[in-house]
């Protein structure tokens, strides 16, 4: 675990995205909250937020940081459910992994809640969108 | 959390995959274990195995199950690092989520260990490949 | 931690209850999901289910058991939000603590999500309602 | 998880209480440490302190904070065991939930250690007593 | 994580030991429970039991197993505090690591509670004493 | 949990050591990474680093601190594998327990990965080597 004690704390923000490709039927079931297991989006949102807090337990070389905020939001592009996350901290190291873990776990929770009706759902992409703060400054993914 | 007490325990296996798209430079650094943070594949393998055991803590409606084995393996398709996982149990409910969580966390660990040199790495796909056991029997992803 | 290896596994069920006393305003806000922090009941339900799985980490002398199901449900008696939980297992030891932990954490999550508008909310009661299975058999709380 | 990055860290203290109603026999057994499972008060104290540190894992929208101290103390009002907790931090957000989680888990640990002799024990109240620090300042529960 | 699904569950027991070498003053303080931080032995016992349950989270390639019992006991050989643990299960894989983790964490808790008065305390030995059950049968450490 | 809110944060470092006594055969197997379970040193290093982050969950009265770095290194003295750890923070309380937990868990992971070939491996010593920072300043173990 790289020593970050010489780095000054600064405000850092990271945004990540996971894209879940669904069938028509599964997309409809989620939108209408008509799943046997309950409301998939509400459950996935909570799961993503809680998972972000578990990042140091999951990703071996990450530092425990005082997260000051985490958001998990959903939007639709046809049958693709787009999970977008944002993590914020004031720390000596970044929050990219927290944003990515939140996106991954929210997307996998969607999978868990729809898999009984459609096992072939795929997460088509899981990637960092943008980050700011820290020595390396602002970065934004190319499209 | 759906009641599974009426289901008989049976041997269940699930296999999942995550595909990590890297630049030439990052792929070379991983292959030669020439990363500042250490051996990325060994670290990602351990992270994936340990994360599989955390599945009930991460995915809200999953049942705690006695995992009898978890594997995380790597192969290369040009600059794409392919993470393949397998989870096994003898239980009343499946291990799809364990295999998927292992793949996601192993792939994100690769990201964590290479991000200082290349922030734009993407996980291009995270999906179930195959599962067997249980009432719904054998299932295999279409290509 | 008492040795239970001589006990035969059997189906066990436990039900618990927490009663959260709210003001008119807070009760109305929860019912209409009009809270700044989001839908309190959906969040509390997930929190209760996930906490039940953490029981062995929280209550020192409990045994890790393979939970086969956990439910968290809500009803209203005027301004009292009644949280009822049910935990099920097939194990050598009971699930009373799992049902109680789920009820406590669901109720505390309600508190967390309404406290900015009303800090004086009280959990008036947290108790086991009923349990069945195991050597001591069926038990039901007196009213 | 609400963004608290704009709030200045300040010293914050919260006190909570859980009231466990016991039978004469159970109260006597706890006072004399005459339980089969060991010293209930010592065990409940440790459980409460450790649970306070797990608050961000249990209550979905809480922030991870650097707890600077947690106390769990016991007193008796006839057959009612009064659990009082205090949590302290220097952070951008409060410690009410940490104090409440400590009280709930300490009380449930008492339940766990006495339930074999008396299953009908109830936690009659779980509530915040007082908090100070932060923008909303000092607050004290009415009697 | 080695696949154990072909192994039949059997009753397994493991016993481990940690030996903590103390100064006269520290040994006296622990025996009389005269430490500023409270009763060291009661705290260490709970810590050891709870840590045994965390073994799969700590030791990467261990399997999650349904522990049926864990004991942590203390005895004295002059100024050496002897921590002896026993873990039991009915599973397809052994409980050696659970017994060792309990011993290590109980011993480290003793260290934590006495270190303010004496930082040079050493754990002189941490080892398996005996194990039974499973394919390899009974094994006992040579003296 | 002792109140540390009046203490100023300062840079703190602690170093600990665990000594694992192996047979010739086991030492050779580890050095050549010829174990059935994989590369023991890489696995133990990750396990030690991850365990350091779990210290507040394991050692009851420790405070959660923002670890700024953890190292786990190995060297050999004949058949003794020497595990040396270093933990660093900028906090109001020390990191001795983090360094010790990392050393203990790394050493136990070595045990886990070699126990199938040699069950009698002992951890001969687990101790703090040195610490600096905080009110009590620099301390170094006598040889």
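For reference, chains read A, B, C, D, E and F in written order, and residue numbers begin at 1 within each chain.
We adopt the following convention: a contact is a pair of C-beta atoms (placed from the backbone, for glycine too) under 8 Å apart; a residue touches a chain by one contact, two chains touch by 3 or more.
These numbers come from a predicted model, not from an experiment.
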| item | value |
| --- | --- |
| Joint neighbours of chain F and chain E, given as chain labels | B, D |
| Shared interface partners, meaning chains that touch chain B and chain D | A, C, E, F |
| Between D-F and A-B, the pair with more C-beta contacts | A-B |
| Chain of greatest Cα-centre distance to chain D | B |
| Most distant chain from chain E, judged by the mean position of its C-alpha atoms | A |
| Angular offset of chain A relative to chain D [C-alpha, multiple of 5 degrees] | 120 |
| Whole-Å gap separating chain B and chain E, where each centre is the average of the chain's CA atoms | 32 |
| Distance between the centres, which are taken as Cα means, of chain F and chain B, whole angstrom | 28 |
| Euclidean distance of C-alpha centroids - chain A vs chain E, Å | 38 |
| Junction residues of chain C - those touching two or more other chains | 2, 38, 43, 46-47, 50, 54, 57, 60-61, 64, 66 |
| Overall pattern in which the protein chains touch one another (line/ring/star/complete/other) | other |
| Chain-to-chain touches, reported pairwise for every pair that qualifies | A-B, A-C, A-D, A-F, B-C, B-E, B-F, C-D, C-E, D-E, D-F, E-F |
| Partner chain F, residues of chain B touching it in the complex | 38-39, 42-43, 45-47, 50 |
| Chain E residues touching chain B - in the complex, by the definition given at the top | 1-5, 56-57, 60-61, 63-66, 91-92 |
| Of chain F, residues touching chain A in the complex | 11, 46, 49-50, 52-54, 64, 66-71, 88-90 |
| Residues of chain D touching chain C in the complex | 2, 36-38, 43, 46-47, 50-51, 54, 57-62, 96-97, 100-101, 104-105, 107-109, 111-113, 115, 119-128, 131, 139, 141-142 |
